[in-house]
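Presented sequentially are two complexes of chain A, the first with chain B as partner and the second with chain C.
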Partner chain A sequence: MIRYILKRLFTMIFVLLGVTLLIFTIMWYCPGDPARSLLSDDATEEQIEELREEMGLNEPFFVQFFDYVVKAVVHHDLGESYQTKIDVSTEIIQRFPNTVKVATLAVFIAALFGIPLGVIAAVNQSTWKDNTAMAVSLVGVSMPGFWFGLMLSLLFALKLRWLPASGFAGPKYLILPCVAIGIGGVGMISRQMRSSMLEVIRQDYVVTARAKGQVEWKVIYVHAFRNSLIPVITQIGSMFGHQLGGAMVAETVFSIPGLGTYMVNAIKARDYPAVRGSVLYVALVFALVMLAVDLLYAFIDPRIKAQYSNKKKRGGKKIG
Partner chain B sequence: MEETERMEPFLKVEDLTVQYTAGGEVIKAVNKVSFTLSKGETIGLVGETGAGKTTIVKSILRILPDPPAKIKSGTITFKGQELLSLSEHQMRKIRGSQISMIFQDPMTALNPVFTVGEQILEALRLHRKMSKKEAYTKVCEMLEMVGIPAERYGEYPHQFSGGMKQRVVIAMALSCNPALLLADEPTTALDVTIQAQVLHMMNRLKKELGTSVIMITHDLGIVAEVCDRVAVVYAGEIVEMGDKVHLFDHGLHPYTEGLFHSIPSLTGDETRLKPIKGLPPNPADLPKGCKFAPRCPYASEVCREAPVLLREAEPGHFVRCIKKLAADIKTDMTGKKDKGIDIAAAENRPQGSATDFIKRSRAAREVE
Partner chain C sequence: MADQIKPKEKSGKKKESMLRITLRRLLKNKLAAAGFLVFLLFVLMAVFAPLIAPYDYTEQNLYQTLAGPSAEHLCGTDEVGRDILSRLIYGGRYSLQIGVLSVVLAAGIGIPLGAIAGFYGKRMDDLLMRLMDVFQAIPNLMLAIALSATLGAGVGNCILALGITSMPAFARMTRASILNIRGMEYVEAAKSTNSNDFHTIVRHVLPNAMAPLLVQSTMNVATAILNAAALSFIGLGVQPPLPEWGAMLSIGRTYIRDHWHMCVFPGLTIFLNVMALNVFGDGLRDALDPRMKS
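Entry: the complex of A and B
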């Protein structure tokens, strides 16, 4: 198991290097000049050229790339933001907790409602319960998050004045954005849960559990549930990974100082260090979340655990 | 108490009718099936795939998927209790404790995410008031009884071979000493050597625990080895039922005859098997008269007109065939040589007791 984790962490280095190279290349060919956008409109060509030289933008591609990688690996330095002149890693770390809070709560809401909704739909297949649950999830999936966010904010913030419309100054501020993001997740998770559960409740071992005299809710939530979780966990994991990378729309609608807005602003201003830093961060977080998801599989399904462990040991255990 | 037991059979299934609804079609899976079973007795349900055998036993345990399955009518009396009228709560107390089931496919009957020990323990903890420790000891005993070392309690189904999994399923089914065991093709998924082990074990357990068994199989060899009585099921009906030896020696129904002919004989110079011609009828559109008539070499207009009843041909031997009962087969047989079963071969059918049959079918299975 530990060997598996180490192997995965090792491959992650290459993933991050690849991502860095990719983002470097994209930014290199991207139109726009950070030096020009930093200076005012009446700056002369000489001034711009001077600034480019100072920022190291005139160096060849690979020199810039290796310079960046060496700095990042050896000095843990992702460079300074062109706009704010603040260390990129410092800014990411500052915004990170906000994003984590929003992502965690949004995914939690999505799972909390999505999973039971899917189970209820599957257990009562083709009845009004199933139809209602699936109609709700269809609305959730097809409704654009930003629109739903605006509607929520209109109703609860402007009309009823129960919740703040924007900003980020306490738990109250989390509710609307998380619900706005979570509702789409409810739809996706419930649909996945339903199809996965439908497959599992037709399995023989579910009938075996019933034949033992087990009560129905335990048959579903103990015997069938764990077996149907794998695809759902994958989906929750990827949703969580995406949200940790910043929920741009929700952050914009509700003015949350998270990573999403940071990245969008950086791209707009051609703030190379900030873009690279945040993309690298998103890649890292996503890879780590996916690793966690894969490890979670092992806890859910002993067959997967056996695959992760030493193969020799596994082969030796089977006796005819 | 004893008197009532003598009067009431241990298990009595009467006029059981089960239908499935699929895509607007009504599939008549089980049609007015009646049989009884006494304590300690083993009855074999024999028939082709899709004949309704599994549906019959699943109805007894009331674990048919509803929808699409629906028990339309009938009664199932077990130890004087009408099972079909019990509440779900009362029924749960019987499932796994008084009546338990061994499923056909051991590969899928065990939950892959729980250890085999936990799965056997579950049934015990549900029905017996035992502490965790007592239950654990009992599970270990059960595992040892079916020939699995108790140390393997904590292992998962994927770490076991097919035969061992089936033994786990058997241990699970027997853990609460059920009075009635429903075995749904317990050996079909296993290879021949493991089959023998499992059958041997079931026979031993039957003797030790005095369990009554309903054994579903389409292997007549297994019937010969394990059962006391046989019921031949065709298109959701019992077409013939009787004592094993009697039925093997004097099978009356043309379908039973056909079944015996589809087993290779080792004595004759047979180059080809004699299958029953045709296919079982579509259960959504059953023939009006005898269900076997379209494939039967003896069938006449009378057979096709009205349903044929199950009648007692000889004491304890029931058959659902007008022709055989009227004992006018000989006259009917003339001129029907080209229809289905080869009549000449039917006449020369190897006669002999069930033990001869066991030998034959064992040998045939080994040849396979």
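Entry: the complex of A and C
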């Protein structure tokens, strides 16, 4: 198991290096001159050139890239924001908890409604309950989250005045954005849960449980449910990882001071260090979340745990 | 005697093609057929927009700005008095074009890459899949936003950004399908007849790996429409005054407090299109699933 974790961490280093190179290349080709945009309109060409030199923008691509990687790895320095003149990592660390809060609650809402919906649909396959549950999930999957957010804010904030339309000053500010982001997740999780559950309830051990005379709710919740959760957990993990970087539009709609808003503003202002830093940070967290999800398998599914220990006993080298 | 004739009759029966079976199953699935019809309707409306739309999408009426829905303007008018329904009809030209062409681009790059990785395996597979890992380590929308910032706004750049973003999914799916297929007897048979690799992949391997890719493409058009709308919404995709649905929502957001119609109708149009594609995609998956074969 430890060998597997180390292997994954080792691979992650290369993936993150690749992400850095990719985002560095994308930003390198971004139009506009950061030095020129930082100075006022009446700045002379000499002043602009001086600033370019000072910022290291005249160095060749790979020199700048190597410099960036060394600073990021050795000094945890992601550069300084062109806009705010504050260290990018400091700003990211300040904003990241807000994004995590929104993502966690959104995924929680998605799982809270999506899992029961999927179970109901599977247990009552091809009945009106199944059709209704799947219709709800279809609406969830097809709904543009940011538009749903606008509609929620129109109804609950602007018309009924029950909840705030934007800002981030307390738990009630979280409700609308999290529901708006979570609706898509409800659809995805319920569909996954349904198909996974349908596969499991056809298994021999479920038939055996029924043949033994086990009551139906026990068959479903004790025998089938736990075993059908594994693919759903992967999806929840991946959804959480995506929400950390993908809820940018919803964050913008509700003016949440999270990483998404930070990146959107940075892109509009051509603040390259802020964009690079945000993407890199999200990629790192996303990779760690996916690793955690993989490890969680072992605790949920004894077969996977046994697979690791058998390989170890046999002295197997390759896992995964 | 009858026993002797029976097998002959059976073998004489014309074998139904996969395409025909799929179409028959799709037509049986009323929901999927409805989804396809709704999407087709939006496509036709976009194509024949000048004939269908009651007004031109640029026509302004400054005496009727921000007017609510009425018999004259079914979805109301915008901040410069343009008819929202007409703009939605014309807007399909941009939103649907981005949705479809970005998927064509993604499939056009992703499928060959996945086919090479799956067919050759070993180092080539490792190299290409690690490259895909890099792309997939960044959430799709985040990557699309970063690419759009570099490429600039506009329909073409939006297609490029979304196409590159969804390319790894196609590569991975093609690779997975080909890994299942490459050991099949007919592939071995093709190889043994000295068929070159390109011919084997294009003629024998890819056609048998197409089913999941077709479903993926349908679903991806829906996702691309959503992402294009999101990009335009934050000002990085198609720019106003072009009537792309996301761009219309972005403008409508400013007036949401008093003029709800500016936000509701563009959003509903996106929602209906995406739902139609999702329903059709679900039906297509069921129709192509060999386990459903009766």
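Rule of thumb we're sticking to: the second predicted complex is superposed on the first by the 302 of 320 C-alpha atoms of A that agree within 3 Å, B and C clash if a C-alpha of one lies under 4 Å from a C-alpha of the other, contacts with A are read in each partner's own complex, and residues count from 1 in each chain.
Keep this in mind: a contact is a pair of C-beta atoms (placed from the backbone, for glycine too) under 8 Å apart; a residue touches a chain by one contact, two chains touch by 3 or more.
All values reported here derive from a predicted model rather than from experimental measurement.
In this overlay on chain A, chain B fits alongside chain C without clashing.
Legend: residue contacts after superposition of the two complexes on their common chain; A:177 is shown touching neither chain B nor chain C. Taking chain B and chain C in turn and counting the residues of chain A each one touches, the greater count comes from C.
Of the two partner chains, neither chain B nor chain C is touched by A:140. Applying the stated contact rule after C-alpha superposition, one finds that A:267 touches chain C and leaves chain B untouched.
In the superposition on chain A, A:79 makes contact with neither chain B nor chain C.
With both structures placed on the common chain, the touch criterion links A:303 to chain B but leaves chain C unconnected.
Legend: residue contacts after superposition of the two complexes on their common chain; A:208 is shown touching chain B, with no touch to chain C. Contacts of A:154 after superposition: chain C is touched, whereas chain B is not reached. Of all Cα pairs linking chain B with chain C in the superposition, the shortest spans 8 Å. According to the touch criterion, chain A has no shared surface contacted by chain B in one complex and chain C in the other. Residues 61, 63, 88, 92-97, 100-101, 103, 105, 108-114, 122-123, 126-127, 155-156, 158-161, 163-164, 169, 172 of chain B are the ones touching chain A in the complex. Across the complex, chain B is touched by residues 203-205, 207-216, 223, 226-227, 300-303, 306, 317-320 of chain A. On the side of chain A, the complex with chain C involves touching residues 11, 14-16, 18-19, 21-23, 26-27, 29-31, 138-139, 141-144, 146-148, 150-151, 153-154, 158, 241-242, 244-246, 248-249, 252-253, 263-264, 267-268, 270, 275, 278-279, 282-283, 286-287.
Within the complex, the chain C residues that touch chain A are 130-131, 133-135, 137-143, 145-147, 149-150, 152, 222, 226, 229-230, 233-236, 249, 253, 256-257, 260, 263-264, 266-267, 270-271, 274-275, 278-279, 282.
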